[in-house]
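Two complexes come next, and they have one chain in common, chain A, joined by chain B in the first and chain C in the second.
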Partner chain A sequence: MFKIFSPLEQFELNNYLQIKLFDNSILTISNFSFFLFLTILIIFFLFKLNNKNIVPNNYSYLMESINATVINLLPNKLIKNNNILGKYYPLLYTIFVFILITNLIGLIPYSFAITAQLIFVLALSLTILTGSIILGFNLHYFKFFNLFVPNNTPLFLLPLIVIIEFISFFARGLSLGIRLSANIIAGHLTLAIIGQLIYTFFYSNFSLISNIIGLLPFSLLIAISLLEVAISFIQTYVFTILTTGFISDSINLHGE
Partner chain B sequence: MPQLLPFYIKHMILVGFLVLIILIYLISKYFLPRLNELYIARYKLSETYKKE
Partner chain C sequence: MSFLGYKKYPTPVLRPLLPFIGGAAIVGYLFFKAQDKMLKSDTYKNDPRNPHAGRHLPDSPAAERGSN
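Right after this comes the complex of A and B.
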């Protein structure tokens, strides 16, 4: 008997282990934490395999090209100011590597997409927004509010523009998280739904015609899988470039 | 969906940020300086060969 599973089932959190430590604290190892620690392990081994080779091997090419990509993301003003680059470059590099590896782990069948968890990704993006606001206040004090007033604004439009800029500034923080999560959720849902369609074509009806028609969604599945790989790279790039934008906006208000 | 329960919301945020902090520490303290040393070593090597 063919059983239809919910396509949302892949995003559900499952407990692998729960140990009660004290009265109010429970140590939980879920699929979320398991795949997060797996991400750390993968990143560790990628760097470990790149073991100070003067002549680069394949893994060194990977890590060095990621390094070059993240450096190319930075605006020139940030690169010229070496102190600021040194301070925030590890953060940007970590975000890039972390999101890339978690996105790619999520594409493996029967694994768990960490970046599809809206709560975690939103928490991350809102933390980045809060951090950039704190950084701006720390560097410019109350001049930071200049960010909400575009250059050469007519005086009569100023109250309206300030409100719009204020809303758009916070909406950017929200959209940063939602964009990544929604893309990953949509891709995984499409894959699951098409997968079920293929299953019905190939296994529930054993006729030659249904098997031939079933090849069409099968080729679509392969195409969407390839698209998903591209999306995981593109979304990583977008997330990092917008984070860079936040930091760079806080450091140079309006590029002053 | 268990992740809608407050316990799992706390779990995800706590574990997620713990892992990110560990990664930022490892990358900024060990991995990136290593990569930087490698670039410096390559630069020095190319400089010495240029002189010869």
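Right after this comes the complex of A and C.
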């Protein structure tokens, strides 16, 4: 008999260090904060342009291509007209790079996926939602509520439509976070479960047939790992483009 | 960060971020309040993972001073 480990153990927070502060609170350094600081360090030291050289090297081309990917998320017409959406490009680039690097670091075996923590990703998406609401009120004052009234709505349907639009606005903010977190959790769970299956095939019964059959889930593991890399990129792209949509809706309401 | 050798461009970074900093402050306050409530709730106050397990947590530092 061998021990079966729960595939959910990889998402548990383990405290490495606890420091008591003066007001009875405890500052905890856990695997979450460790990998968060690691991500920030990697981004800080790795993501920079080669400004000192006139001729760009291959690394500069990579950084420029990431910049181009993010800047192409912004709708062209808004950049040409008054460039108001272009002011939010640093925020969008930061969100894109941060989520991409955390997703990719989470794929390293025996590391920790920060974006698998729902509360963290939900806090990020609700911050973006709240920020876009504050931005909308700042630009349009009470005309911001025009966002909840679609164009050409019949008058008798107005109360129902406004309630539905109100709920859908907040549901979009929640779904932004839950989408990313659920995708990463599902992928990591699948990898853990298939890993357990391979372990069962290779170590439970030392026969050649079970080892040969075990090659099937092994190839599946490789395929799903590649899929997880693709999902990391796709989910980053989706998160950033939806953030752009939030900010664009707050600035332009219904395209006025 | 021109002190690190980077070139300065006049891109407005902080001013467009102010609504989102405000949003982060509101969301942070609400999340910390919810966390505090959960830590003191009957379900989790004696949980071994709770760093404050077994200790009486006062509602505020002023209430703690008042009890002495």
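Everything that follows uses one rule, which is that the second predicted complex is superposed on the first by the 240 of 256 C-alpha atoms of A that agree within 3 Å, B and C clash if a C-alpha of one lies under 4 Å from a C-alpha of the other, contacts with A are read in each partner's own complex, and residues count from 1 in each chain.
What we mean here is this: a residue touches a chain if its C-beta (ideal position, glycine included) is under 8 Å from a C-beta of that chain, and two chains touch if they have at least 3 such contacts.
Just so it is clear, the structure is predicted and the values come from calculations on it, not from any experiment.
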Which superposed partner A:88 touches (first chain B, second chain C, both, neither): second
Partner chain(s) touched by A:138 [first = chain B, second = chain C, both, neither]: second
Touched partner set for A:97, first chain B, second chain C, both or neither: first
Per-residue touch tally on chain A - higher for chain B or for chain C: B
Partner chain(s) touched by A:40 [first = chain B, second = chain C, both, neither]: first
Which of chain B and chain C A:54 touches, first, second, both or neither: first
Touching partner for A:119 - first (chain B), second (chain C), both, neither: both
Touching partner for A:28 - first (chain B), second (chain C), both, neither: both
Touched partner set for A:130, first chain B, second chain C, both or neither: second
Common interface positions of chain A, toward chain B and toward chain C: 15, 26, 28, 52, 90-91, 119, 123, 127
Partner chain B, residues of chain A touching it in the complex: 8, 11-15, 26, 28, 30, 32-33, 36-37, 39-40, 43-44, 47, 50, 52-54, 63-64, 67, 89-91, 93-94, 97-98, 114, 117, 119-120, 123-124, 127
Sites on chain C touched by chain A in the complex: 5-7, 11-13, 15-17, 19-24, 26-28, 31, 51-52, 55, 57-58, 61, 64
Residue ranges of chain A touching chain C (in the complex, touch as defined): 15, 18, 23-24, 26, 28, 48, 51-52, 87-88, 90-91, 119, 123, 126-135, 138
Sites on chain B touched by chain A in the complex: 1-3, 7-9, 11-13, 15-17, 19-20, 22-24, 26-28, 30-32, 34-35, 37-38, 41-42, 45
